[in-house]
Structures are given as C-alpha cells and as structure tokens.
Amino acid sequence: MSTPATRPPDATPHPAAAAPGDDIKFTLPPPEPTGVSSLVVHPLARAARQFVKSLWRPSTIVYPYKTPFGKTTERLESPAFRKEVGIRSGAPLGVGEIWDNYRGVHALNVRTCISCNLCMFSCPDTCIEMVTTEGPDGKAKKCPEIDYGKCSFCGFCSDACPEGCLSMTARYTLTTNDRHHMVYSPEMLYTVYKTKLPMNPVRLARPENEDNILLDQDLCIGCNACARDCPTKCITMIEIPKPGAAKPGEKLPKRIWKEPSVNDEDCVRCGTCISVCPKDCLYWGSHG
Amino acid sequence: MSEMWINMGPQHPMTHGLWNLRVKVDGELVIDAVPEMGYLHRGIEKICEYRQYNEVVTLMDRCCYVAGLAWEQLYLMASEQALGVEVPERAEYIRVTCQELQRLASHLMWFAAFVMDIGLMAPFGYGMRDRDVILDLFQSFTGARMTYEYMRVGGVRNDFPVGFTDRARGVMDWLEHRVDDYEDLCDRSDIFLKRCVDVGVLKAKDCIRTGITGPMLRAAGVPRDLRRDRPYSVYPELDFQVAVHDAADVYGRYRVRMEEMRQSIRIVRQCLDHLDKRPGRVMAEKVPRFVGTPSPPPGSESYIVRRGYPKGVGLSAMEEPHGEAMAYVVNEGGEQPYRVKFRSPVMVNISAAREYLVGYRVSDIPAIMGSVDICVGESDR
Amino acid sequence: MSSATLFGFSSWLAAQMFGMLRPIAPAPMQPLLGAQAQSATAYLLVGTFVFATGLVNAIMLIWWERKLLGRFMDRRGAMHVGYAGLLQNFADGLKLFRKQPLMPREADPLGYWLAPTAYLATSLMIVGFLPVSTGWVPGVAPLSLLMALALFSFAPFFIFIGAWSSNNKYSLIGGMRTAAQLVAYEVPLLFAVVSVVLLTGSFDLTTIVNTQIKEGWFAFPLILGLVVFFVAMLAEVERIPFDLPEAEAELVEGWNTEYGGMLFAMTTLADYVRGLVGSYLVVLLFLGGWWMPAGQFTNVVNGFPLAGILWFQVKVYLVFAVFVWVRASLPRVRTDQLLQIGWKRMVPLSLANVLLAAVLVVTGWWPLPKMF
C-alpha cells in the first residue's frame, strides 16, 4: 500500500534528513592529477586491458551471423543459465535466440478458440477484431484478427484468453513492404501456432475475487439470448414455476417462464450474456 | 565572431531526445540559454483518461523509456491509493527490486551517454553492455526488454522465475565490481576531470529555487531522497544510504550517481534475500472488477449503477532515477481514471538550463546537459 | 553536378595538378616536382597510383578502425558484409555514392562544391610524395618532405571555405575551431620535423629512411620528437582527443554538417587519407620506414621491394592502431584546453627536441653507437 503523501514538497530538508550518519557525504575533492600517469598512461592502459580481454570473445550481444563453420549465435546470457531457470508453472524456458516468455507474434489455436471476445475487449490499442473464419468442423466462427500495425505487444490479450488458445510466441520478425500484410488473419495466426514456436509459458497472477454473473429475476423475460450466445455454454435455461394469478385483477408479466442459471465453474467471465441481455437483467456481483 | 543564437535541437546529438536548446553564444562563450520542450508530446495524460487502469500501464513504459518499471510503479501507487487496493508484501518487494534494477539500468545508460558526450568512446560500450545484462534479467520475468508492462493494479503480473534470485545476485556481485572499475577509469583520467570539475556549477540554493531534484540536488549537497524522507512501498524496511556530494558540478553528479548504483545493488540484495525467504501472493486478493482482471465487457454501465464504485484520489511521489516524480490519479467511479497527472523531474531539471549553462563554453554544453540525465519521453509525455 | 562528376573531377585534379605544376613552376622549383613524371601517360599512371593507394588505404583504415574500436568497446566491429566485414565500407561508400547531393539554398555554391573536392584532392596529392619502399615513390623530389607538409597545411583553408559557404552556424564554429587548432599545431609539428632534418641533413624522405636503415630509428634519439609529432599529428588529422572541429556532441558534424551523400563521403575519405598520411609520416620519419628486422643484412628490401611495401604497410596500420587506441581511451578536450596544450606544452617540448637534435649533431654523438 502506498503511503499517502501528506507533506507538500518543500525546500527545507526533512527532519529525518538531519539524522547524522544516515547519508554518505563525499566532501572529498576529486583526485589530484598525478602527471603523465593519469593524463595518458592510465586511460591507455585501461583501454588496452579491455582490448586484450575482448580479443577472444567480446561479451556484448551479437546477432546471429554466419561463420565458415555454420550459423552461430552469441549472447551475453549463457545458455546454461536459461536452461536451469524454469518457470513456476513448471514449463522450462527454452534455449533459443531469445527467451520463451518473449512477447512476439501471437499464435492462435483456432480449434480451441471459444469466440469469447475477451482478447478484443482487453486490447488497449484496439488492434484486435473478431472476424468470421472457418472453424475446425467447417462451421463459421468468430476468431481474433490482429493488426500488428497497431499492436504494442503488451500481452493483455493472451492474459485475458480463458482457454489459453491465444498466446505470444518468440517470433519477432514482422518486416513487410505493405502495411496490409501487418494484419494477421486467424488463419495466419493458426499458421504461426502450427510452427510450434516456443510460447509464453507464464500465466497471469489473477486476483481471487472475480465476480460472478447474477440475475435480477424481476426483470428477466426468459428470452434465451444469454444461453444462446454463451461461448462456454455454461448458462442453462431452467424452467421456473409459473405463478398462478397471485392477485385478482393483476396481470402476469408477459414472459417465457424460464430463467438462466450460470455454472460459475465453467464461466470465463466474458460478459457476453450481459451485453446481449435485452432487459439488462444480468449483472456482475458476488453471491451473498 | 559576434553574438548569435544557435538552435541545439530538436535533432541534435546533445539533446538525447527531442527537445530544443537555444543558446546565445559569443564566440565560444554561452551567454544565454532557452530550453524549448514539447517536441515529444504525445498526450499521454489525456490518453490515460480513455484507458482502463491496467491498460495505462502500457503507456508508462513509453512514457519513460529508460525507467519504464519505475513509472509503472509510480502510476500504480497513485491509482491503488485511488482505488483502495492493498498490495501484498511480496509484490511490493518485487516492485522495489524492479525499481532498483531499473535505477541501475538507467544510471548505466546515463553513464554511457555521458562519457560519449565528453568524447570517451570505449566506456560507452561498457555502460550499454552492463545495462544489457539487467535488461536480460528483466526479460527473464517480464518478457520484454524495454516495454515491460509488468505491473498491474494490486501487484505484479507474475512471480520471478525459479533461479532468478541466484542469477540476479550473481549479476549484482559482478556489477558492483564494474562500478568500481568505472570510477577508477574516470577518476584517474586527467582530461575527464578537466572536463567535469567546476563545470556546470549550480549551488544548493539555486537548485532549491528552481525546483531541481534527484542526483543534481544531491550533488549540490542537499541530502534529500524520497526513498528515505517520505518512504513509500517497503523502503522503510530496507537499509541504504543517501549519496550526497558537495561539489555541485558535473563531477559531483557523476559521483552521486556512481554511489547510488552501489546503494541500489545493496537494496536489490536485501530484496532478493527477503524474496527467497517469504513466498506468497504477488497479486492482491481483492481488486475491483474491470481493474484487476483484463476483461472489460461493453455495456457495463449497469454494473457501475448497481454496484457502485470506489471513488477516491491518489497521489504518489517517488524517487525516480532522474529525480522526484509524482503522479496524481482521480477516480470518479468509472472504468477509467478521471484524470491522471504526472510531475516529471526531467522537465524541471531541463527548464533551469539557463542557470547552469550561462558562463560556460559551447564545448561544455554536452558535458553539462549529459550530467542532467535527460529523458524527454517523460518530460513531454 | 552529379556526384560521379565530382568524383572524377577530384581524381582528375589529383592527377593534373600534380603534373601541370611543372611547366608553370619557376625554375628553382622544378626539381621539387619530380623527375619521373615527364609525359602525360606518366602523369596518368602516377595519378592512378596515388588515387588507388590513397583511397583503398583510407577505406581499409576505416575498416581497421571500426574493428579495433569494436574490441576496445567489448564488441565486434563490422562483420556481416564480406569476410569479417571487409566489404562493409565499400557498401557504405556505394550507398553514399548513389545519394543525391543536396545543397542548402542559402549556401554559396562555388565554395560549397569546391571545398570537399579540393580537400580530398590536396590530401591525395600528399600520398604522391611519400615513398613506400625502395624506388617506390611516385614523385621523387629532393624536398618531398617539405612538399608533403606544405600540402598538408592546405586543409584549413578548404575546410574554412566549406564551413563558411555552408551558411550554417555549426559549420562556421567548426571551421573557426579548425583554423585555430591547425594553426596552433602546425608549429610543434614542423619543429618536430626540423629535428629529423637536422639529423639527416636532407628533406628527401627516401634519404631520411635510408639514414634510419643505416643508423637506426630516429625514434630512439628523438623519442621526445616522436611524442610531439604524434600528438600534433592527432590534432592535425582531427581525431579524439583533438576532434573539436567535428565534436559531434555539440557541433553535430562540425564543419561538414551540411554535406551529405558523396560530398560527405569525400570529406570522410579525405579525413582518413590524412590519417593515413599522418601514419605514413610517423613511420617514415621516426620508425624506420620500410626497414625490416633482417633487411640490412639480407638486403631483401632492395632485391624485392614488395616485401618492403608490405612491411611498411604493417607499420602504418600499427601506428594508426595507436590513433584508435587513443581515441578509445581519452575524452575530448575543450577548446581552451586544446590551445593551452598546443601553445604551452607542445611548442616548448618541440623546441627542447630541436635543441636536443642540435646538440646531438654538434657534439657528434649522432650516429649513436651500434648495438650490433
């Protein structure tokens, strides 16, 4: 929790600053020049030392390049380190040109996509559009299409994806001559997926108080729109007893005598039901 | 040669960014200086009002491109205060680790640029090389080298990977040795001292009058460091010292930054020890919906109406690598912040350019402006 | 004016000025201008030789500097184009060659176009007076050393013309600095040369080298002179720590800020040609020229001059490596400090060196006793 700032910024030092021995004071003047040694000899000797050190293998990163003995990649990080470092989820990081958790081009598994729109909603740059594509069973389904001309590679979409079908890979080459080639259709993203590039194994740490879908029973008309559009099919319409004429002279509301029941285990909290509800009777909340 | 105005910038090697320094020179002597800012203005504060709390984090990395994680934390401290979110202790320690690593990276970058400004070729490579090691550390847990997007309201995105603390400790040991090395390299070079000592002097009184903060202020002998004077996050539990120098010139700023790097290494080590001992959550358990999880459905007005929304105001101040930064977030009960305002230390430090440039030579301008440590991304926003 | 024309013009100028001076020169100067280049064909051959030597070496020096500087900065230099990046600079040159030369509207066309051309041409002409091995000298002249240094000191004028006519404040300041710096460092440079001439008694570079082959390197008795000459040469070829005229941190690109494309390539090439000439002179005057370790016993140089050329080139590249070494380790000095070093340190040192050489000659201590 951040501490609220109570004191306005002022010029006088904070009382705590007066505590002796708390800060280091360099009152030392800079070192006296010592003649030829510090004028040229020492700097030249230092540079020569580095030169000799880096004769064999300079430690700065170089890009993959070809040698007479084949393609070589040198990086500052030793591959041993990357091998030994695993991720808490258990998936080890690969040893490639870059780390596995690099946020590069997306890979989309069209087969498991449930068209929940969460990636589109979570995108800060509005570069994701849900377009119609052909699903694995030949039926049309909505899958994300990503415009890399806008994408900032923040990874919010893959964090939001409830099924883990949209992930970011270590692929980083996107150069084209035509900006229209920067728009990756679901098919292209599926092609990236099929190349089996290392995919980001790190998942988002989520807060636990995720809200659930609640129903305002008085407003519901039992229209089935929510159950129809739910991507995970976790909403079932259950029959409710039709009340008899409660009071004489009062008409029963005109509705279908069903209401949605949400299976909270399967729900991915995409909010599609809320947005399609014609009567605004579904809302976010917690039971009790 | 008579007097003339020279535009140093907006495209100029001295500027380290996109701003314009108009200097009036008489031969080689600077007799007036007018900084002009605003060439890199991208309207980030306004864009923040159209983004949800977590999505603003992506802008913070673009805001300051050498200390992205510091600005993420700066913004999040304010917005967490506005939203009333408690951050778990482990997340705070991770954030402070990131902060200090970021300070190291920023100061190394500054070192590289500074020595390049006064014409030293080889140490430029050293500074960039060592910064790259820290960027590699960042990449191992954030997945990017400069645009991290790592912190979220209520904590951080993911925990450190297994084995990270050991590796980071190794890097710190190695870096500590390197910092000594650089001091030896520069302090024992006569020409370096001649270029730095008694150049760009700005005394404590003038620093305070012009609102200059950060290493520039500490180099003038004022022991002010927000990490100690107005502690935030878990800094009160950490043991470190504030580096102060009396020289008030370019040399003093260089020494203060070098010492700050040592102190940062010290802090990182303490944080790593703590992280090893105390596992736990890195994300708050309770975060308001639409803020904590990345699933903002449309048509959520009903939610706001039904549930009500926490309202509040958040103000955070932080010792950023460049100086004292502040963030102010107003939460009027919507998905997006109502208003976000930042105070950039670099903006203030550059604005006083006239105070420390006049009277020196044209050759001194790069050395002096290099010692200010400019990041135009955050000052123009 | 296309860049190709400019390029051709500079080579033409290098070849023509060289030979055309002869008919118009007064009689006492005739021997200065070389006895070999008598016909138009000979002029052309000499011009081609000078052009090829100067430019190819300059380009290779750029590669050499990039590679060395890379190692000093703990990285590799150019390494993708050609083996170990050998062709990188040729590729850069081609790219610059293809670019359209643009001139600022307010610039003075004559000075703007003339300056890089003349700068490169005069720099290349110096190469024509420098011997590289026994019998391998395009312009044999008794006063070749003086001629080379005279051509060397042409540069400030052309730099200043280019800077002034660019109509740019950075260029102007850079040009001013160049003038001040080159004038200040000409003096110790020439004094250092005087000491060598005192010991040799000749302005002919071939004689100077032959003396060294016989009596040992001048670097041993005149170590002070070598240091002064080297430092002054650093300033003359405008390299860190004395690269104030093009201090890129404050003056963008210095006096050639407004030059782009081929014109920029020409100024850069001329800079490196001057760096090459500087290294040549250091080797010729102080480090024994093409003297080989076993050369004086086996007479391999006289029998096989190419070996001498190779050995000479190796020395030149090593001397240039020291230039790069200094560049990697020292910061740039300030204007006032530069002039202070020049007038207050270098001039007295060079005078002391001349005194030393005079003493050596007068007392007969020179030649030094042979070690072997």
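Should a chain be cited, it is by its letter among A, B and C, assigned in written order, with residues numbered from 1 in that chain.
Here is the rule we go by: a residue touches a chain if its C-beta (ideal position, glycine included) is under 8 Å from a C-beta of that chain, and two chains touch if they have at least 3 such contacts.
Being a predicted model, the structure only gives us computed values, none of them experimental.
Distance between Cα centroids is largest for the pairing of chain A with C.
In terms of C-beta pairs in contact, the better-connected of the chain pairs A-C and A-B is A-B. Centroid to centroid, with C-alpha atoms defining each point, chain B and chain C lie 46 Å apart. Per-chain Cα centroids separate chain A from chain C by 58 Å.
Once the centre of each chain is set as its mean CA position, chain A and chain B turn out to be 24 Å apart.
For chain B, the set of residues that touch two or more other chains comprises 122, 125-126, 129, 189, 191.
Each of residues 72-75, 328-330 in chain C touches at least two other chains. Among the residues of chain A, those touching two or more other chains are numbered 43, 46-47, 50, 59-60. Those residues of chain C whose C-beta lies close enough to touch chain A in the complex are 68, 70-76, 79-80, 325-326, 328-330.
If you check the complex, the residues on chain B that touch chain A are 51-52, 54-55, 57-58, 77-78, 80-81, 86-87, 122, 125-126, 128-129, 132-133, 136, 139-144, 147, 149, 152, 154-159, 161-164, 167, 184-185, 187-191, 193, 196-197, 208-209, 221-225, 228-233, 241-247, 251-252, 255-256, 259, 281-287, 289, 292-300, 302-303, 306-307, 314-317, 324, 326. Chain contact summary for the complex, chain C toward chain B: residues 69, 72-75, 169-170, 172-173, 176, 240-241, 243-244, 247-252, 327-337. Against chain C, the residues of chain A that register as touching in their complex are 40, 43-44, 46-48, 50-51, 53-55, 58-60, 62, 65. Residues 1, 4, 6, 8, 12-14, 25, 28, 115-122, 124-126, 129, 189, 191-192, 194-195, 361-366, 370 of chain B touch chain C in their complex.
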